[in-house]
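Both of the next two complexes hold subunit A, though its partner changes from subunit B to subunit C.
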Partner chain A sequence: MPESNQSHRSVGRYLVQLAVVGVFGFAGLVWVLGWLAGLTESTLADAVDADAQTVTIVVAEEPPQLDSSLSTDTSSFMVLGHVMEGLLRYGKDGGLEPGVAERWEIGEDRATFWLRRDARWSDGRPVTAHDFVFGWRRTIDPANGSSYAFILYAIENAEQINLGKLPVETLGVRAVDDFQLDVSLQRPVAYFDKLVAFPSYYPIREDFFASTRGRYGADADTLLYNGPFEISKWIHGARLRLEKNPHYWDKARIRLQAIDAAYFTRDPSTQLNLYREGRAAVASLNVETVETALRKRWPISRFASGAVFYLELNHRPERPTSNLHLRRALSLVIDRDELVYNVIRTAGFVPAPSLFPIWLQGANGPLRNEIPVPPMKVDVDLARHHLELAKRELGVDEIPRLMMLVTDSPTTAKEAEYLQNIFQTRLGLDVAIDKQIFKQRLAKAAAGDFDIVVSGWGPDYDDPLTFGDLFASWNQNNHGKFSNAELDRWVATAQTSLDPGHRVFAFGQIQRILAEEVALIPTYEPGSVYVRHPLLQGVVRRAVGPDPDYTNAYITGES
Partner chain B sequence: MARAPLSPLDFRPAERGLQVDPILRPSLSYWEDTWRRLRGNRRATLALVVVIALLTASAVGPVVWTVDPSAQDLDQVSKLPWADRRARIVDGAGAADPSLPVARATGGSDPTGMDLRIVGEATTKSVVLEWNLSDLASGYRVYRHIDAIAGGEPLGLPLAEVPIAGPGRFIDRLNLQPHRYYYAVAALDAAGEEQAASTIIPADVVRVLSEQEAIARGFAASKIFPGAEVELPFHPLGTDALGRDMLARLIHGSRVSLFIGIAAPWFYVMIGVGLGSLAGLRGGAVDQLIMRFTDFVVALPFLLFMILFKIGFGIGPGESGILPMLVALVLLSWPGTTRLVRGQVLQIREEGYLEASRLLGAPTRHLLLHHLVPNVMGVVLVTLTFAIPSAIFTEAFLSFIGMGVVPPTPSWGSMCNDGTKTMLMHPHELVLPATLISLTVLAFNVLGDGLRDALDARLRSRE
Partner chain C sequence: MKRLLQGVVTIWFIATSTFVAMHNVPGNPLLDEKAVSPEIRRNLEARYGLDRPVFPDQYLTYMRNILRGDFGISFTQRNRRVNDILREHFPVSAILGILAIVFAGFGGILFGSLTAVYRNRLPDVVIMVLVVVGISVPGFVFAALAQLGIVGLNEVLGWTVLPVAGWGTLRHLIIPSLVLGLGTMAFLTRLMRSSMLDVLGADYIRTARSKGLPPTRIFFRHQLANASLPVLTVLGPAIAAITTGGFVVELIFAIPGLGRYFVEAVQQLDYTVIMGTTVFYGTFLVVMVLVVDLAYALVDPRVRLE
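And now, the complex of A and B:
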């Protein structure tokens, strides 16, 4: 017995030793790791620095690449808007300003741009009309497969070239000399000045492009900049740093010396933590983090993104949603107010009664005033009546299970579960949720593999047509293949007419047909609330164009 | 010590019925002994109670607590159980009654002359604000705060920008909860910059239900009249971000979690015992074949196969992935048990009592049923109890990443995933399912530990 006690005691001592070594070893390891992390962190500046005029921000996603003819996402457009400049650019108040072009004339079948002579690339050489010709040809060249090629279709031969029926050299754009750009238009375009501010119209210099050997836009050193900033550091997956471009023609306007996108994250809690620790100057808030911001007494700003979200319905004949009565029934049970104010609950979101968001301008004033939207009321009884008619027309006792395709994001996931419940309880419909990542969601929507898809559309240019042509039968983004000859005619009218009043009338007709046919069910216009460092001033948020825009921003010294 | 010489007496037959060493205590079978020792282990007993309680709750829970786990109560979103549940019935759609008195800020003069006021009663349906228009402003921005604010402090959450063209009126509907809010309106100049703000006006929001809503919620008709006070349904563990009952979701979620957690190990341990004893007993080519196949299966990646099965079964998006999960778990997890059982069988095969039994002419069936299986049983049982928590974890993980159940079906893993989104303000939505996962896993682990101790013959001899 004494022996066994002895052994117990020695085991106990051994355990104590092990525990002590373990605890101290772990503490030491943590300390060493913290010290190592401090070495790398020490290069990070504060969120704002008034002396150096630098700002550190969070960007939701890293741009996949920055070749302006191929970019499609808002993160890329935001960065491109800071490092590049088109013929025209968006100013502080959201209006258009001269960019590389000093002046311009736009007629019925042609447009001419006179370029300023002091516009420079970041290597000091002048920006010429040839750079625009090269950039536009790259966008339209079918070999490059640009998703935004259609935005050039107003130019002569553009559509034919993109379909591969004409050589790319036949594109109706010509450099008369180094500083004059002539454009032949396929049809009259009332909004061509707004189009050329879009990134797909940015210049690309041919000799530099050739020197990158197919890696143009992939890294900081395979890009040439003509905008207010240039990328000084691009560590993929970690950081993107912009510094003031010394060769920019309008550099007196630019007060910030550097914009440091030091974090890529979409998560609101992470963004709020970075803001709280003074490591990021801006953080967007969700329904959870907004309460923290309120309790901390931080000033909160609100911003409407300009986009509109809607349920796209599949109009292919084999789908039950091709039945008008079923679409009406679905539309009649959705309470947009409840969806926005009680389910999504984020300030900045507004219920949307129409495909045309509230901020669009008509001929003389807001478009919404010129083409009013009939009020939408929830009417479950009428919806059930339409559902019965739909069942009769489809010749079924029960509507087959409907597939609702959504993007895997917290907001849309919640929205989808709410809608699933609404369709189940109010109409007795069986709805399955198909949650996919954004890219896959787009691919499945394009393939028509859905009954209902939660879609959104942000404006590309400042004209109602950027929304108005979405449901034209030829539009690639009309995923449900809605096809209506009358609507197509009105879209064509809006495209070619130069008379503002007539165009507004056409938009009114488009809105009426979409509502009558329930081509889509508009749900909400998303927005956001965010906190911004009080010393950071002059940041422009806008619906159309690069957002947020730091080109006019500065850091005040006073607190 | 010298021995006495043997005598013929020593060789006479023993008398029948002579009790030499009477067994006074009742005989104890192997399982009775195990049970006795398990009960002696306090931790294991507690774990067993927890396991039984969980199984009972998931079996009879839906009968006792009949709330629909997917019913959304949007008037009680992300609420804790002790939150105020009172609501008043109002007629019509619940719009503010314009005949009701107008509430103004009391005390202190308003230098802007906006005279911000709340029209009618502030309810969870809407709060109607009105103010006087000024000639100098180009628009107004409406703010709402959850705390009283001092002068100069930020006004709170910007709700909307109201153009000058409209009336000085704004209806707030955003996520109104029954407590006090503080409203303010700031005038904007032509450039959109904020000018002086109005006085801050508090609004005590009361929760109301319209008559239609009250009917839809199934309140007794006698209770529904304007002005009546009702209590919204009670949620013993609170609600989630869509106002769904947490208790009902946890009970229904436990069915998925425990089903996978028990069914999958049960099946694959059976396969493991079968293949393992076959390999151990037969040996030779059969052993080689089975064990090499086992090595092959061990190398297969689980997640990939789970996805392959999902496609192979023709399970489209929006359909439950529970069946492919079960199949993938069963088909890919048996090698561990097989190796263990084979090892045990190889060891027991060489034991003396087995040899003796074989020499006495016992058939293979007898050897298997009376010697091999009972001796392997302990190991198998322990493996089974340890396999259950790992299967529950796998289910939770797969549902967390969205490979398991589909909405609105709950499972503990998918509830955790939902809970992470509201973790900062409403931690109960994450803590409850996470605690249940931890508790279940811990209980099965402790039980397995206790069983191993109870079944171990070597420990027995030390007592």
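And now, the complex of A and C:
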């Protein structure tokens, strides 16, 4: 067809016209819709701004809400640690510093805190002892169902109130006047100063709380701040901007003017791209992105999260794992070095020989130095010997199939497959992996529906007891129902003794009993690696308390 | 009228099946890493009405609340109402969705016509290869590649032309909506190509030409308009595809759309948010399909409304 060339050319021209109209139409539509959605900003913030002393960061998860009495997750604790302040707070070197309390005395059955008179809420009114009484009562009130209510149980009547047996007004905390807070204790607590730094102990002002009509902590304007920063903008899912609180009593200490959490994403490659682009000052790395960072020769920092992971074993009598010899056999074949360095292969992870992680402090230094860790050797022959003894005691020819309950995360999946293989090849055991979503893993663990469960525990307060009481017979988190009267006695000692040396001795005994009885099999302490902008200095990472902590951070002028 | 009734039944079915499925998924939304005493568990259950029998009490309450347009309070964001979550985050997803649909529709028509006109020649071959890639490669791969591409582009140019991720400026809209619309555009291109080929050979085009109509008019009024009709028909399913595709794009580009709240709610077993978003999306899609049907009747006189 001779005319087709002609037609091609003209149609081609029409299509070009159409394309031009399309591009402009699309741009116009972007503009209109953006205007309707209030996307009015025109500039993108840089990762660090030395003149404005502003840092832009990416946060893996948005805090679900910021009511300090109800918060349970690390991202909420991180934000709360910047915008609120308790009686005490965590300092630069990880130790405790005076916060709203100027000084305090902690005795056997009571504690007194004297509040500084210049501590202010972000509306300029003073922070008083009444605000602490109100906040603590909210945490313990069973009607609020706070998961962390237990952390107040050292206070008189707290547990009874939380169980609904006493009215909330009977809680052993009293405002003597605006600036003196008296606490009656249920039992002596050597670490009460560490407890009051926890978010569940933060103050909440009653009149403001009432004015929010049940929406306290849901948005920037339904919160009142008494910390170094206040939330100036909270667009759910998009942005959380903290600005220096002009009413904060210690504002001279704070050098950053603003911390802008402008991105919420846990995707490691997005985080790294934002870092690379100069839009975010910090990015956490995973196995793949760490390679990119290494290639680019960026300085990589590592950080131990403070948690410890272990295999919980089911001690209920109908379970094969209730047999000590079987538990010994299992623990003797696991090569922690192999698991951490060859299987999990995530930088920052270290093998764990004990329930007490490496960073814990004893009476005069690291706890590890004061209570040496029991040796952890792989001994397959000895393990097989114990396995034979176990079979004889259980009266079986073969150990029945063991159910290993795990969460559906990539790391635990790899770990579970490794363990399954090890138990199969070294002991000839049949192990089935039961992979569940997190909430269902918790439900099955709580119901005792497992033989082995891959668990982890993160610290709540800076004392070995935050791990030490986990396997007490009464602990709700002791899913395998391990029960040992001697261990219970040592836990009670660690809870009530005020003598540091004696408490460390008790922790030593707890560690010994757990190892002898193979109550659990510790596996590793997880960690993370990240890159940080070289001009951003003074960021504190810590195992307990708000992490990361930017309150002491600043941006230097030159690298 | 009949269609409307069908829509209502569909939505009822979505609501009920989600309710049944959710209550049969193992796990409990109130469980947390820190175990709480049974007394507090009971308190929490009472607060969310989980202490009453699932059927009929919980089901009826839930249906009654849906009729009133109240989806309750989130389990994880404990003082945020599900209605607030929908109200704040659906517009974000909607903006991305509209842009993606416009991009897909326009691109599909443009490239489809191009391939048809240049059938079996270079533009046709190149575009059709790209179309196959666009249809078969999942969206999250494009999203990740696009992001890497932007980083590279900005690095070469030395300034940020387009942002890597986030929300707040107009520039944040462009790449995510293009990525979101890409798969649908590929699909529409293929559709447009075949329908354009039909039209090009049609008798009425030859008639129009022999009548001496100007070529511009022939192209736009007769060829393009008629060939675009099938594209309109598949817009309903296309909207569904783009809505669901939005989840991934929102996660990767750190965009505060409804999709990521839905995904997170499923992971957290946040009953009220799961219910709210599913019923909302379900209703939205049912309405969209109805709207597309109506639009089709308006554009094509051969289709009559019953």
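Miscellaneous remarks
Assume the second predicted complex is superposed on the first by the 512 of 559 C-alpha atoms of A that agree within 3 Å, B and C clash if a C-alpha of one lies under 4 Å from a C-alpha of the other, contacts with A are read in each partner's own complex, and residues count from 1 in each chain.
Operating definition for what follows: a contact is a pair of C-beta atoms (placed from the backbone, for glycine too) under 8 Å apart; a residue touches a chain by one contact, two chains touch by 3 or more.
All of these numbers come straight from a predicted model, not from anything done at the bench.
Contact with subunit B, but none with subunit C, is seen for A:Y341 once the two complexes are overlaid on the shared chain.
In the superposition on chain A, contact of A:S269 is made with both subunit B and subunit C. Judged by the touch definition given at the top, the superposed model places A:I300 against subunit B, while subunit C stays out of reach.
Contacts of A:Q257 after superposition: neither subunit B nor subunit C is touched.
By the touch criterion defined above, A:Q436 lies against subunit B and subunit C together after alignment on the C-alpha atoms of chain A. Looking at the shared chain after the overlay, A:T493 reaches neither subunit B nor subunit C.
After superposition on the shared chain, subunit A has more residues touched by C, the comparison being subunit B against subunit C. In the superposition on chain A, A:G34 makes contact with subunit C only, while subunit B stays out of contact range. Within the superposed three-chain model, A:V287 lies in touch with subunit B and out of touch with subunit C [touch as defined at top]. In the superposition on chain A, contact is made by A:A416 with subunit B only, not with subunit C. Shared interface residues of subunit A, touching subunit B in one complex and subunit C in the other, are 269, 436. The touching residues of subunit C, counted against subunit A in their complex, run 25-29, 31-37, 39-40, 43-44, 47, 74, 76-80, 85, 88-89, 91-92, 95, 98-99, 102-103, 106-107, 109-110, 113-114, 117-118, 144, 147-148, 150-151, 154-155, 160, 163-170, 172-174, 177, 215-216, 219-220, 251-257, 260-261, 267-269. For subunit A in complex with subunit C, the residues that touch the partner chain are 7-8, 10-12, 14-15, 18-19, 22, 25-26, 29-31, 33-34, 36-37, 39, 41-44, 58, 64-65, 67, 70, 72, 142-143, 145-150, 162-164, 214-218, 235-239, 262-265, 267, 269-270, 273-274, 276-277, 279, 436-440, 442-444, 446, 476-477. For subunit A in complex with subunit B, the residues that touch the partner chain are 269, 287-292, 294-295, 297-302, 337-338, 340-343, 345, 347, 401, 403-405, 408, 410, 413-414, 416-418, 420-421, 432-436, 529.
Of all residues in subunit B, those touching subunit A in their complex are 70-72, 74, 77, 145-147, 149, 153-154, 156-161, 173-176, 241-242, 316-319, 402, 406-408, 421-426.
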